């Protein structure tokens, strides 16, 4: 038995990783919706969900249940196969794209089945290209959904989204080229390492060596183009024309209900996460700490954040209206404090945690910006969208490529 | 029956199946989807051969751009089931034999050729993208530039063709 | 010392070519002044370049400048390069061509002002300049021949300039065809030379040991060189209108007068003389050929002069005088006085161009009237034209101290002294030359008197006589000056000095000059001159007496000597003769054999047959065009299969490797 | 492991299927797709050879083929749109004005 395990350790570990990743991803997605609703609500000075569970913390569960239990009608005259294929495609591709992202520099502190286990499922050495390949296929889900619903609003939505995605894919790919030129590799790991070694402005380490600030040419333009194009790729506000309620009801997924709709929903949030990952990895040094490596005390930053917030949660929980809140919130707080304490007590674990900690916090920041934008910006008009993509983003990203190449030649990287 | 061979056969079966399905399907969208399947599985084969960059480009350009364009056009024209006219007698009776002849000829050429290369097994390190790019931008730089012109002209042509002449 | 112009000698011919191209291609749209600017500018520039080149040439010291610019024909060991060369002879020709050519361009601006096809005219004229310059600068017979044919073409184009007038078109054709006959000979001559020397480069031939060791082919003995020279001379006869190929030149007067001046008096027609002078070394090796040249020249001179006596068309008279003057030049070459020939060529270029231009001015004044019988008494009305033309006439008549006197005198002298073919031959030649001089003086002054003196025989109301613009008169004056002073180069030889011109050309002709012994020359010089002048005066007096004193006389004479008169009037019926002997048979042959049988039967038959065959095949095969795309697809596939089959399954012993095919 | 000839035969089969589609499909767009299919088959052969010969030229050619295919698709689909617009049909057999 064990011999079998050891023989196919790689396969088994990978499978386990995949399952774990799925679970985590789904949870995160769920709570991302909660986070978004809360945040948008506060931006619009509302309370947002606060009925189900303390601070509406159980709202995602409620939503999930609703998605599962609602009636799932299939409109007449749809192309059944494609109609069912479309959501699967979107979700599947969105999920797959996460698999390429590495979440930490070092393997786990302990061996499993005699193997070093890295955070992250597959580490292709054409990583970023593979990612783009997958996102490139992502358009089918939406387009086909729009077409197969055999109804005019979805068709419109589908057409729009496929046009939009093709247009912005170009800009997105182009804007990354600068970083690739600097790093000289497609592999995400190599890209991050290149940023670690790059000496930044004034030769400072840490934040100033990230490729947005450092490198032959700071990739500010590149980042701008990439982020905007990526938002458009994920059909998020202010580029969410495919599902523009005011004109297309719900765009491509008008005809989808309950769980199939949920799939699109999850796919969208997953791709949001992917994009955030990419932004932080390509431009913000991935898991690199913003402080110079010499500042060892920053290793305790996770704990310093966890413990006070845990304490705050406890304190807040004790003053909560409902009995449930007064029971659950302190529990969470206690858990946070415990983790913080554990990090202080186990230096090995603490060292291991640094990379993921920084990466995750960066991802969180970008997700925040996502929601922030949605809460703030109005939606583009379609022609504005197109002209923006073709006449501004693409040229700018091309300029960025040229400048970077020139800088590399000039500064002899 | 080792793993790569297994993978090869799976992908090959996928490709062939997709191609057959392309022929059998009546609706262009379905044909397009099956073609996408073919392309993706070909990309898989490229990966198997270690041609990672080509595989990626295959998916990005073919799958992500060209086929999207096809689907887009199908959606735009709202193309329905293709009507089964049979005006061309010639195609009717000569089609299958001809296709068989092409396949047979090529296969036979492969079979009866005594070239050592044919028996070379596809193994070894992955094709380094750096070398590929070096080749592309050193030896093949003129063709490369020419293709850029080609693309430009194609874009213009597409625009000119597709725009409605508004009087 | 740097010699930029010599290093870039090709610029001199290139400029007119550019001008020609510019005018010919774009000039149609342009206003006249721009066309003028281009044409006159280009020729003027090339004249300036020529002057600069000559200056550098002298600065460089005597001797030959030979530049190879690029290979043109290279076949085996034969090389005909675009090589230009420059020696004293070239200098003379170059200055004459560019200078006179330029003046005539200026003149043409005025003369052609009211003509159609203005730009066309100037384009042709520039093109002619280009080819003429190639002709005189070329360093081998092939390049020379290019220029030779080129000027022929231009003269054709310009004679037929008024191509709507049938006579003009015919004259053009005539000139062209007659020239072809000569060129045929010229080509044969070249082939012969190539066979003998395995090269056609001037220097290579003239300095080749083959030629040095060549035995002089004595009179009566016909060797390769003799034949080659005779053939070359045949070409020269064609181009320079000598017997028996002179017939085209008088008709060439159909062209515009500046053309007659430039091409048919000053430059092109002298090409023959130039060729003979250029290949003087060959000729000196072939006395027989020289004798022929001399005789033909002399005969032509006399013959043309006699015809000139009775012509009434002012330009025709000049044409025949040109022919006879050319005869003089050949006479000079024939008796071995090449420098004298070239000298006469130069002076003749001056005064004959002047004569033509003045005649053009007269015609201009008379509103297109060319018949002298309808002129008269113009001397008061158009003074400048009169004065210049009188100068030229005196010059051609050989009155000292004008140019014509010196050149003609030296020719006669050398003719008198030549021992080639026995002393008597020289005497006879001299006699005819003298007689010709007399006739020349006579008909030229006949022209003057008929045109400018006596009572006016034209109608005031129809033609209002007016002097020409200064664009026309300027060149006249300049040429007049030249034809006065042009001869003084040779003057010192009379006052015990030496002939500067001959000395100047000496490096080229060197020993070839068989101008007798200096002492004998000295002794003869003065008497000869006196005789010649007296002859000329007699001629002038006769003309004066006949045409001013007793205007009735000429008709009476014509009556009395009716036969002679009509014969002369009809130019000895040469044209008719040619028509009967050559033209008619040719026409018959081409009509009945070439046209009716060969062309209609064979060629057209073949063409039509092919066409109808194609139609039939197309009609048969058009049924494959079903218009059905899928069928086309099938055909494509069939083609693909055939290709594959051919590539892979072509029967060979061993199976082909796939890669071999793929690579 | 996997002999090159496998790849070649596979590409031959795909090409043949492409030919079949090329002849038997009536829809212009589908015919285009069959052409793309044939191109893909050729690409496969290219990569296989480049791999077997250990030189990358084949892969470069593949890139060129892909570019050309993209251009062809752009123009071709433009033409298709025109056809659909003018003849209200995508059936190639209905586009047969070029008759005797």
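Order of writing sets the chain letters: A, B, C and D. Residues in each chain are counted from 1.
Basically, a residue touches a chain if its C-beta (ideal position, glycine included) is under 8 Å from a C-beta of that chain, and two chains touch if they have at least 3 such contacts.
What you see is a predicted model; the values in this text were computed from it and never measured.
Undergrad: Does the complex stay in one piece without chain C, or which separate groups appear?
TA: one piece
Undergrad: With respect to inter-chain C-beta contacts, which pair, B-C or B-D, contains the greater number?
TA: Spelling it out, more C-beta pairs touch across B-D than across the other pair.
Undergrad: From the mean C-alpha coordinate of chain A to that of chain C, what's the distance rounded to whole Å?
TA: Distance between chain centres, rounded to whole Å: 93 Å.
Undergrad: Report the inter-chain centroid distance for chain B and chain C in whole angstrom, where each centroid is the mean of the CA atoms.
TA: A distance of 73 Å separates the two centres.
Undergrad: Let me have the rounded angstrom distance from the C-alpha centre of chain B over to the C-alpha centre of chain D, please.
TA: The computed centroid separation for chain B versus chain D comes out at 6 Å.
Undergrad: Can you give the whole-Å distance between the Cα centres of chain A and chain B?
TA: 32
Undergrad: Multi-chain contacts in chain B: which residues touch at least two other chains?
TA: Within chain B, residues 53, 57, 65, 69, 74, 76, 87-88, 91, 95, 98-99, 102, 106, 110, 117-118 contact more than one other chain.
Undergrad: Could you say which residues in chain C touch two or more other chains, in rising order?
TA: Expected reply: 626, 628-630, 633-634, 637, 658-659.
Undergrad: Provide the full list of chain pairs in touch.
TA: A-B, B-C, B-D, C-D
Undergrad: So in the complex, the part of chain D that touches chain B is made up of which residues?
TA: These residues of chain D touch chain B: 1-10, 12-21, 23-27, 29-30, 32-34, 36-37, 40, 43-44, 47-54, 56-57, 59-60, 62-64, 66-75, 77-82, 84, 90-91, 93-94, 96.
Undergrad: Can you name the residues of chain C that touch chain D in the complex?
TA: These residues of chain C touch chain D: 622-623, 625-630, 633-634, 637, 658-659, 662.
Undergrad: For chain B, which residues count as touching chain C in their complex?
TA: Counting only chain B, the residues touching chain C are 87-88, 90-91, 94-95, 98-99, 101-102, 105-106, 108-110, 112-115, 117-118.
Undergrad: Can you list the residues on chain D that touch chain C in the complex?
TA: For this pair, the touching residues of chain D are 8, 19, 22-24, 26, 31, 49, 53, 92-93, 95-100.
Undergrad: Report the residues of chain B in contact with chain D in the complex, numbered from low to high.
TA: Where chain B meets chain D, its residues are 2, 4-5, 8, 12, 15-16, 19-20, 22-23, 28, 31-32, 35, 38-39, 42, 45-46, 48-51, 53-54, 57-58, 61-62, 65-66, 69-70, 73-74, 76-77, 79, 82-88, 91, 95-96, 98-100, 102-103, 106-107, 110-111, 117-124, 127, 131-132, 135-136, 139-140, 143-144, 147, 150-151, 153-155, 157-162.
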